[in-house]
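Two complexes come next, and they have one chain in common, chain A, joined by chain B in the first and chain C in the second.
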Partner chain A sequence: MAEPRVMDIKDQPGFRTIAIICLLVLYVPVLILMIFSFNSGSLVTHWEGVTLNWYGTAFGNEEFHAAARNTLIISVTATIVSTICATLAAIGMTRVKPWRGLAAAFMVINLPLMVPEIITAVATLSFFALIAGAFGLNFGIGNLILAHTVFCIPFAYMPIRARLEDMDLTLEYAAADLYATPWNAFRRITLPLLVPGIMSGAALAFIVSFDDFTITQLVAGPGQTTLPLYIWNQIRRPMTPEINAISTILLMVSILFVSVSFLIARRRAK
Partner chain B sequence: MGIALKSRVAAPQLPSRPAYGDNQPGTHLPPRAGSLNGVIVPEQPGKNAIEVRGVRKVFGTGENQVAALDTVSVSIRENEFFTLLGPSGCGKTTLLRLIAGFDFPTAGEILLHGQDIAPLPPYKRPVNTVFQSYALFPHMTVAQNIGFGLEMLGKPKGEIEARVAQMLKLVKMEALKGRRTSQISGGQQQRVALARALAPQPKVLLLDEPLSALDYKLRKEMQIELKRLQHETGITFIFVTHDQEEALTMSDRIAVMSAGKILQVGSPRDIYDRPAERFVADFIGETNFLPGTVVSKQAGVATVKFASNATISAGYPEGFDPSGEVTLVVRPEHADLVPDPAKGTITGTLSNIVYFGTDTHYHVKLDGGGENFIVRHQNSRSSAVTYETGAKVGIQFEEDAARVLKD
Partner chain C sequence: MTTAALSSAPLSKAALFEAQAVKNSARRNRLLSLPALTIIGVFGVLPLIIICVYSFLAAAPYGGVQWQFSTDAYLNFVFQRDIFDDTLQFTPDFLIIYLRSFLFAVVTTVICLLLGFPTAYFMATRPPAQRNWWVLLITIPFWSNLLVRTLAIMFIIRDEGLINNALIGLGVIDKPITMLYTNFAIQLGLLYAFLPFMVLPLYSSLEKLDFRLIEAAYDLYATRRQVLWRVIIPLSKPGIIAGCLLVFIPALGAYVTPLILGGGIHLMIGDLIAQQFGSGRNWPLGCAQALILMAAVLVALYFYVRNTSGKVQHG
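Up next, the complex of A and B:
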């Protein structure tokens, strides 16, 4: 049983009202979006009845397929590469003697989180334009993968680093004491215990890449439409509930990955 | 027969006890020089398991330098239960970490059977540690934890299984071998930690306050258990604790440490009855301190005069030359109360009587002033005299009760 608290924020006047307003503002638009994906009419503002037809239309849509394929190729590759980079960075910054510039390195890794995304997008675009101009190089979809990998690293890095910092260093001493060479101690002790952090970091990196719009919009070349770009293009035409259906699918994928990340994090806390 | 035979030679008092590796030929470290999977095998098994020679350990740099160990030298014999005892921050854990290889000395040598191991990484030292927090691997079962060291040594699978089974039996954990370490109690975790450290048959087992997390009853049980394990395995134990009672009851020898130095090394009786310094007397057990003046001395015994003009003869440690104003130490149980103040060496007024069940403490406010003097009486069914607070009493000392010590 929880102890009775002397001060409970719930007793403050207006607490309930403010909480309800916040929740409504956050979730009502999303709920409306999801509800209208089942609308049997072809307007997103006028409800006529329930149908699953728009999901059928979406799944039969070739453009949607192409966009989904692009998104998966980019997100999965970017997730794998950025998670590996983030893992190495986290190990290099927690399992070493403190060195000059450690704080600076930490800043450098996390700075992309603070830079406005549009700035990163313009910078990335200019960078690829420069490369293309100077060396005549264009990596095609590789440009997008590279850009996504880079901005995913700090997201993957955070849970991995947190996990490493939580880990009892004595375990690694114990492994060394029991004749494990540094490599064996890492392979048999540190890495297995780090897996939840890595999974959690990878899930975060995936959703960040999966629903990125700004950077993708600027960097993407012709034929490199991802799902967020596809939705953006569709809403500039007369909207049908098909867009609601596609958005709902995207939302479900995101929720799935956030939940996975959260559940892993919660299990490790036990 | 490797460790097992050596331990018998070094411990003739246990000739009939089989060491636990005996019926398993080939399961111990080979008694030849060289290395086993990179772990050194000492060449000349000497009398001393560990010799610490002039070891200094300094932490920090520049002005923030702190000497955690200030030129420490000590020899730890084979098959000995050796305790490093001292308050927190005295350097005992630092010394243990240097022997384990988790830190490296700033200066000095650490010899294992005559071979300098100070520069070796921990995974090349035939020394294992029981950690204060146990540090069991949470993603492995009890059996996997115990087998880890042997696995890292590259032992064949069958041998590992046999040894793990043996260790599980030794610490009475057979029933729980398949459990995760998070699914067993603190006392059981303690046993697994012990089994894991003993399984590779180290030359020396290091124990870093392993009992401090257990409750009183379990701690008492584990103290007996540890002594039994040390007997049965014949491995040298180096035990770190701040608990003086634990040190006195378990150790063959104790090193008392303070502020990065070893103040005294000796058997529990030596340390308790003949403390070398005031700190040792104060840290271990209860002690009365009495001011006095040396009037004469001869062959290790000084005659000390109290303010009351009464005199007492008191021994003093070798290498110490007491003179002038000194402090005498007397254990509470080495003094006696007498109802007639005229018969006491010193006199005072009973200020407090504290009943402890097994014994009673009498607090005496001395006529000369100063701290209260405590006399401990063992209680019996027929205590001849009863005292009341406020009574004038005398205090007599047993033979050799008082010692003069360095401050």
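Up next, the complex of A and C:
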């Protein structure tokens, strides 16, 4: 593996340095936050020694349990509902003759991505306040599940649609030629091939729901604290490394799901 | 696509029948998008219509609205009614916050581009195996919890944070430099939050770059600088525009970053809107402010569409 000594035409001077700086900038603050979750002192900035106690404190904390429970209820439900809806919509918008309104439907699906989160947050808050005032309707934690489902749908939709568009259509035609009913062709051919896209979409939907702060903060009622809201409540008190421990757990969940989604997508590309 | 594929084959009666069946099922398939469209329609689009209506109503004293037509929300955006003689006085407070947010968003976009472009280009020129690692490393912060990442910045720039401790330890300064709850903190937080949003679209555009064109440029005696400015950058324009938009829009409407790093002293549009629904108790004003932000976003999207439509994307 002798490096050729000629100049590589693709290189631009200084770009490597900037790339490495970017990577350091992105990771160093987060790594420091993670390291301090193992700090045996009770200050978030002075290092005293290594301990796992703050994780113990977090796991033993009743408020943390409640927040984790709420977060899981909301994000698992929102992920399931949004992934089913997104899968159906992706089929309805790719395996179909172009219909009038298809472009508009595509815009509606992607709308939650284009509207700034804070606007979605106050709009959803106003909506639930209105139906509570006018019809006495309050779905409790269902309010949050519905709000999350809305912005999860486009995230789940993207990889599923991409997978459907990459798929070899001749397989579906072959199934039809062999007298498979449309349902059988879907169940035996399209769906198995679509599974990686669905999993990748579900992973993304789960992350965005699990991590959501802005919309949850404005829409959540009393007793509907999620993990990001719990962290926010902790910031406003004197801080201990417990907050670092909880933050680290949240980051680990994100990293796990991103990596899963990434690996699935990469295998597809091969 | 369905019909094209079918009509290219010689059609027997059976095939015609089959084509009809496929068509019918294809027509039925459009109904499959109904659940998603219904959920987004009812819980996503309808709320936006509601805030349009609310922005033309009067504020109820304890939050919420009174069903009474009023343009006060929009008037209050730039004027304040004098409580003694009921005249309108020009009050630019909100305008200043909008202008400041706009500046924050522009500076964020420009610096992210200056850092993100070389990074994305460097990534795109790595061997494929290395490239995947780089993409994963940029993708992880892209999807990581923004609140936690902002918190990480807060820990570093606090008075007793890492930077101040290090500088004091080295004897550079005697007392900590105040960085938290300043405009600098917000700017830093925005850069940190949105850098991956710039790198990823740039990368996907640069990855498709045809490097034979660079070779051709060198053959024609171009310098490195000329290759960069006259070949690489023009060819990656779609990626640059997409990246700028992906940074500018969320930076303009940022909420978490100024909330934590601005400490309620230095507001951006996002906090201002949220405030009207909290302590401000002026929902119509908050709705009007949200719609004015939405208008700014639509202007940005309009420029995006105008700049990208009608041009063949490279690759």
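Here is the rule we go by: the second predicted complex is superposed on the first by the 260 of 270 C-alpha atoms of A that agree within 3 Å, B and C clash if a C-alpha of one lies under 4 Å from a C-alpha of the other, contacts with A are read in each partner's own complex, and residues count from 1 in each chain.
In the analysis below, contacts are C-beta pairs under 8 Å (C-beta built on N, C-alpha and C of every residue); 3 or more make two chains touch, one makes a residue touch a chain.
Computed from a predicted structure; not experimentally measured.
Of the two partner chains placed around the shared chain by superposition, chain B and chain C are both touched by A:Ala176. Applying the stated contact rule after C-alpha superposition, one finds that A:Ile109 touches chain C and leaves chain B untouched.
Legend: residue contacts after superposition of the two complexes on their common chain; A:Asn184 is shown touching chain B, with no touch to chain C. By the touch criterion defined above, A:Phe59 reaches neither chain B nor chain C. Touch criterion met: A:Leu250 reaches chain C, while chain B stays clear of it. When the two complexes are overlaid on their common chain A, residue A:Arg16 makes contact with chain C while staying clear of chain B. Which of chain B and chain C touches more residues of chain A: that partner is C. Once the two complexes are overlaid on chain A, the chain A residues touched by chain B in the first and by chain C in the second are 173, 176-177. Residues of chain A that touch chain C in their complex: 8-16, 18-19, 21-23, 25-27, 29-30, 32-33, 36, 44-46, 81, 84-86, 88-89, 91-93, 95-97, 99, 102, 105, 108-109, 111-112, 114-127, 129-130, 133, 146-147, 149-151, 153, 157, 169, 173, 176-177, 182, 204, 207-208, 211, 213-214, 218, 228, 231-232, 235, 243, 247, 250-251, 254-255, 257-259, 262, 266.
On the side of chain C, the complex with chain A involves touching residues 1-3, 5, 18, 21-23, 25-27, 29-37, 39-41, 43-48, 50-51, 54, 64, 115-116, 118-119, 121-123, 125, 132, 134-149, 151-156, 158, 160-162, 165, 192, 195-196, 199, 211, 214-215, 218, 224, 228, 232, 249-250, 252-253, 255-256, 260, 269-270, 273-274, 277, 283, 286-287, 290, 293-294, 297, 301.
By the touch rule above, chain A contacts chain B in their complex via residues 168, 170-171, 173-181, 184-185, 188-189, 192-193. Those residues of chain B that touch chain A in the complex are listed here as 37-39, 100-102, 121-124, 127-129, 131, 133, 135-139, 148-149, 152-153, 196-197, 200.
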